[in-house]
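Some structures to go through are shown next.
Paired with subunit B in one complex and with subunit C in the other, subunit A is shared by the two complexes that follow.
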Partner chain A sequence: MIGFLVRRLANYVVLCLVATFLAFALASTTFDPIAVLEQRNPPPPAAVLDAKREALRLDEPIPQRFLSWVGGVVHGDFGRTVTDRPVADELPRRAGVSLRLFLVGVVLGVVFGVILGVVSAIRQYKLSDYLATLFSFIILSTPVFVLGTLLKQPAQSFNELIGTNYLQTLGESTPGFDGSWFASLGDRLRYLIVPTATIALGQIAYYSRYQRSAMLDVLGSDFLRTAQAKGLTRRRALFKHGLRTALIPMATLFAFGFGLLITGGTFTERIFGWYGMGDWLVVGVATQDANIVATVTLFIAVLVLVSGWLSDVLYAALDPRVRV
Partner chain B sequence: MTVTDDGAATASPVDPTPVTERTPSRGKLVLRRFLRRKSALFGLVVVVLLYAVAFSYPLFSPWDYAVPDYLAFLTPPDGSHWFGTTKIGEDVFAQVMRGLQKSLTIGLLVGLLSTSLAAVVGAVAGYFGGWVDRVLMWLVDLLLVLPSFLIIAVASPAFKGESWLIFVVLLAGFSWMITARIVRGMTLTLREREYVKAARFMGQSPLRVIAKHIVPNMASLLIIDATITVGAAVLAETGLSFFGFGVQPPDVSLGTLIASGTESAITYPWLFYFPAGFLVVFVLAVNLFGDGLRDALDPSAAGSRKREKKIDKGERA
Partner chain C sequence: MTAADKPFDGPVLEVDDLRVSFPSEDGRVTAVRGLGYAVSPGEVLGIVGESGSGKSVSSLAVMGLLPDSARVTGSIRFQGRELLGLGDAELSRLRGRRVSMVFQDPLSALTPVYTVGDQIAEALLAHGRGRVSKQQAANRAVELLDLVGIPNARERAKAFPHEFSGGMRQRAVIAIAIANDPDLIIADEPTTALDVTVQAQVLEVLKTAQEVTGAGIVIITHDLGVVAGFADRLMVMYAGRAVETGQVDEVYTRPRMPYTLGLLGSIPRLDAAEKQPLVPIEGQPPSLTDLPPGCPFAPRCPMVVDACLTEEPPLSLVGAVGAGEEHRAACIRSADIAERDPAAAEVFGVATIGEPAIAAVPRAEREVVLSVEDLVKSFPVTKGTVFRRRVGEVRAVDGISFDIRAGETLGLVGESGCGKTTTLMEILGLDKLMGGRISVLGEPTDRLDKARRKAIRRDLQVVFQDPQASLDPRMPISDVLAEPMQVHGFSAARIAERVPALLDLVGLRREHGSRYPAEFSGGQRQRIGIARALALRPRLIVLDEPVSALDVSIQAGVINLLDELKAELGLSYLFVAHDLSVVRHIADRVAVMYLGKIVEIGEVDRVFAAPEHPYTQALLSAIPIPDPAKERVRERIILTGDLPSPADPPTGCRFHTRCFVYAAMPEDRRSVCVDTEPALNGSGDHSSACHFARSREVV
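Now for the complex of A and B:
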């Protein structure tokens, strides 16, 4: 089993590097930061442009630029932005903002998605099943940027109801907030609730659909009947034998769901004014900055790698046949 | 070589009963199963209606999307401007219809392109096997690691000012991977079937075998996939256009309309809720339709199996 996981990990690392290289190459060929500078008013002198070209190493071939960028990354240097600030300075803060959103969202999404799916499968064709199906169909048809804006409305009504602006829908924390560690946690929570709900709702809808059909497949199976025949109660049989089997396909899905989450995260960050990695990507494209784009891609690729690998581990934990 | 005609290839080998008048044809069976689901029928009706309205709106709309009404800035919906007006007096109804047109066209084209690509790549990988298979599947893995959103966003400066058709190609180029994997899996089993072997041993070229014997046998999967992809493509298109990475002005799509309406969703709700509403209703209808198609064309798929059983029991009782 260790061999299996190590092999998968090696495969993911190679994919990660190739993915980052592709994004870097694509960004380097399509972006033209010098043209952006030239359009400034007043136009900068030619010497400034040449210096910039030199600093961004636009004359070197792309693979060479990429290699030196990777060499820097190994030492914690992610290059400089077009505006000549080190990328690494902003990286930890932005990564933290995004991770906070992603992790809370994905945990809520998986837990509630699985619960919702299992409940609707067990109570198939009951009212709760129809409601859950309707809910997931509507949420899955609503893009994140619409859902986020829609959720601002109930948040505002809630604020009016309790009389204070408890739920915040713009920014990550109150600017200049000064207080103890615990108080600032509480402050951040106010800003976290609505964006996280936006992310989590989509994830819940996504996982619950698959969990429902996986659970339905298991419900009619012989081994579940056998488990009950040998004396287990239905509830015990369902959770000990049924749920475990029904979770196996979910482990694979987990890796795919993460890509969805990252795209959704970009919209969420933009709508709620969070300066995270997704927002950075949009900024990077707007300012034609290859280093920012490569850094964001690397971040995303590493996240997908970790989630893919985690889903392999989960798979191995759930399905004994993989453990050889 | 009459053996290779379509009838021989697609006639199900598991059905030995001779076709009589009493057994309904496959088409009728599928239709009956489809009509049984109200939600799927509803989805189909809504999709057809939206396409019809989006392309015929100039016939009955009092306003043109490009000609502003200088006497009405930011008016709420009324008898003249059905969906209200924007801050420079453009008619929101005409704009939403225009955006719907573009979004639906992009969705349809991407659905067709991406499914065709998935069928070709999956069938080639599965049929030839060996290194062709390994290279293609590695490509699929790679494209799955990279979120398509990121790639298209990064590539967007390159097609600024270009036709939106490039955008269609890009969207299609990043939405075929999962289907290609499924197609590959099905090809692996189809390849060993007798009629495929027979065609091969009679000297048909590999491409002909793929085109005439393998792909037609996955028709139902491909039809379902194309339908679902239309919905997904519309979502992807609006998302990218929302950031300005997709459809470029002066073209409008539902995404660009929603983007400009988001800021004023609370103060001037009609600017946001009309395009957003049309988008959600369309995608929802496509998804319901696709779900119904899946049940009708592929009753052995998970989910529908139990329903069939239950209905059979109900009919017998």
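Now for the complex of A and C:
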């Protein structure tokens, strides 16, 4: 099993390279940073443009540029931006911002999604099931940017209710906030709540639908009946035998759910003024910067594949039948 | 000690006026309508009935395991204590400790994510919290596994359910059921999903379980053979009610309700040397949503009189054998039946089916319709996903030969995994073979061009096992029947003429042509499948377990139909089945397969009357005969273990690992079984592949 997981991981390194190359090649062929410079008024002198072209190595073939970029990445150098700043300088801060949003979102999404799905399945065709279904479908059919904007409203009302501006909906921390580590954590939390809710709601809706149907399959199963025939109460049988088995299909979904999360993340970051990776991608496209696009793609590819790998591990941990 | 723990000397279980209903789209379905019975300590009650008769629902009601939507009324008393109305917490203290249950499908009855040992131990821990330690429970689980006959129990307890075969899983479920020494075990079709040899093993284990626990047993089954040997008392259910109850011998020899009579006549008998037509019970069980007044069996009953339609007869006494051993039947004509004591065929009026004209011609002079020589088919076993490599092969079929002559039926039998279906698929494929040769009507199939292959398909048709899955649910029946003819370029006029004729031929009404498959019952759907196979006027029909998905009374009708068609149209059949009684009834010759080889082949009466191969003997002796007197004195050959993996078959004679003859022989004599593979040998039309072939009567 360990060998299998190691091999999987090795496969993923290749996949990461392929994904990044595709993004890099696509960006390099369509982006034209020199044209952006030429648009300036007054237009920069030709020598400046040539120097820029030289610096960005636009004359080299794309695979060669990609290889030298990858060569740099191995040493922690992600190339320079169009504005001539090292990409690597900004990477850790932006990655940290995004990870904070994504990780909290995914944990909340999985936990509450599973709970909602299970409750919904056990109370099938009762009011709570209908309400959960309604909630899920409304959330799933609402684009993230609409949802994010809408959520600002109740946050505002909440602030008015308690009389202070506790819930913040712009930025990720109070500018110039100075205090102990703990106080700073509290400060960041105020900014984190609404954006995280935006992301987590979509995830909850997504996971709860699948968990509900997985649980319904298990509810009618023979082994649940055996467990009860053995003398377990219904509740105990449901949790020990039912839920445990119904979690298995969720492990595979985890990998896909993460992709959804990242798409949502890009919009969420823009809406709430978080300068994370998703925001950066938008900036990279706006400034016609292939290096930024490739870096963000690599970051996302790593996240998606790590989550895919984690779902393999999770699957094997949950289901003895696939352990090889 | 709680009140329930006191010794109680009445019946273990008393059910009175039990009614269970479920909501459905067509209104409330009353699955059980006023059922009453009692089980004494140590007694085995067999409940028999067709699907939908309410037998499973009533036992789930006893366990309190029906879904919340079920409405249950009446009374269920366990050792005098009323169970209806108890909450889940109270019932769960009884379940598994005093009353336990064995379910039908062992493959899904165990939770896939916990080890077998843990699941057995859980039954002990659930009732002994605080008194039983985890270690004690685990040790006891190993003892229990050993008791139900799992070899190497300490190791196997750590295995997950998917590492167990079906038979072993059912043993594990039985181990769970007897873990707390219950007073009542309810076994709901405990052997239906298993092969016959494994069924015999599991029934044996259940018997042991009863001896060990002294529990009363309720065994629910549709197999009258299983009840005959196992039960003391019998209750026949129809449409949610008991229609006949009594001592097993009494009911089998003197059935007093036409339904029981029909049911007993509808099963093909392994012990019937002479071919008697089966008794089909026409029609289907009534819908339980809206029952008309009167006896629910009346629409299907040949003895129906006007009075049957006005009032449902109560279960009344028709005879008593001894003290407390009453024979009851719910039929107003039971006195008439008692007076005449007729045979089922007489009551239900079965016409005898003639032999096809060609049967008069000696076999050797008849045309060979299908010949299979040294057929080999293996499947590679591969490893790895990116770089697939071959690590071995499964020889599903390993050099088998047989032929089928005009107007003849060959039954191909064996347990699951023996290669029956692979053989059939190779024949139907009409394609290049891995090894050997198949000829249809004298034409070898491996050199066919496209046009010839299509032409041969007209002569070779197939009927599948699952009548539901083999019909497109969105096609009306007339289209289903017309399709093969369209493919083969029949004119529209000819098709229009032929479709109603086909419906007539299989006993369906012409106006059924416009209906969809969903509107038919299982038996009718199988008739449609047969009609489709007949559309092109084939010479040979391959039947893959055509009746195994049907209830016995319906099965009889389909078997009779196949017999009639053969006589009328001079067809040849290749009949693949695991039910040897059916094969004995329908086949002229039989081939027994074991792990990809034919171990015995020959004329059906000779093989069944004097089987020579130990495997055939075991297979035949494992099949219960629906005759209590015979069944109780029969000596049963119980095979040990499961089918070995076909990827790694035993050397020499493949059967030697499970062979009782081999096991009983001294070391020096039996080495030949391990070293040399026996060839098929025999005289006349009966040969077997065994070094120590000796005929033995087992039926």
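Worth pointing out:
Keep in mind that, in the parts below, the second predicted complex is superposed on the first by the 324 of 324 C-alpha atoms of A that agree within 3 Å, B and C clash if a C-alpha of one lies under 4 Å from a C-alpha of the other, contacts with A are read in each partner's own complex, and residues count from 1 in each chain.
Going forward, a residue touches a chain if its C-beta (ideal position, glycine included) is under 8 Å from a C-beta of that chain, and two chains touch if they have at least 3 such contacts.
All of these numbers come straight from a predicted model, not from anything done at the bench.
Among subunit B and subunit C, the chain that touches a larger number of residues in subunit A is B. With both structures placed on the common chain, the touch criterion links A:62 to neither subunit B nor subunit C. In the superposed model, A:152 lies in contact with subunit B only, and not with subunit C. By the touch criterion stated above, A:317 is placed in contact with neither subunit B nor subunit C.
In the overlay built on the shared chain, the residue A:9 is in contact with neither subunit B nor subunit C. When the two complexes are overlaid on their common chain A, residue A:297 makes contact with subunit B while staying clear of subunit C. Comparing the two complexes, no residue of subunit A contacts subunit B in one case and subunit C in the other.
Within the complex, the subunit A residues that touch subunit B are 15-16, 18-19, 22-23, 26-27, 29-32, 124-125, 137-138, 140-146, 149-150, 152-153, 156, 212-214, 216-217, 220, 256, 259, 262-263, 266-267, 270-271, 281-282, 285, 288, 293, 296-297, 300-301, 304-305, 308.
Residue ranges of subunit B in contact with subunit A, taken from their complex: 141-142, 144-147, 149-151, 153-158, 178, 231, 235, 238-239, 242-243, 245, 258-259, 262, 265-266, 272, 276, 279-280, 283-284, 287-288, 302-303, 306, 310.
Within the complex, the subunit C residues that touch subunit A are 63, 65, 88-89, 92-97, 100-101, 103, 105, 108-114, 119, 122-123, 126-127, 160, 162, 173, 176-177, 180, 386. Considering their complex, residues 11, 221-235, 241, 244-245, 248, 318-321 of subunit A touch subunit C.
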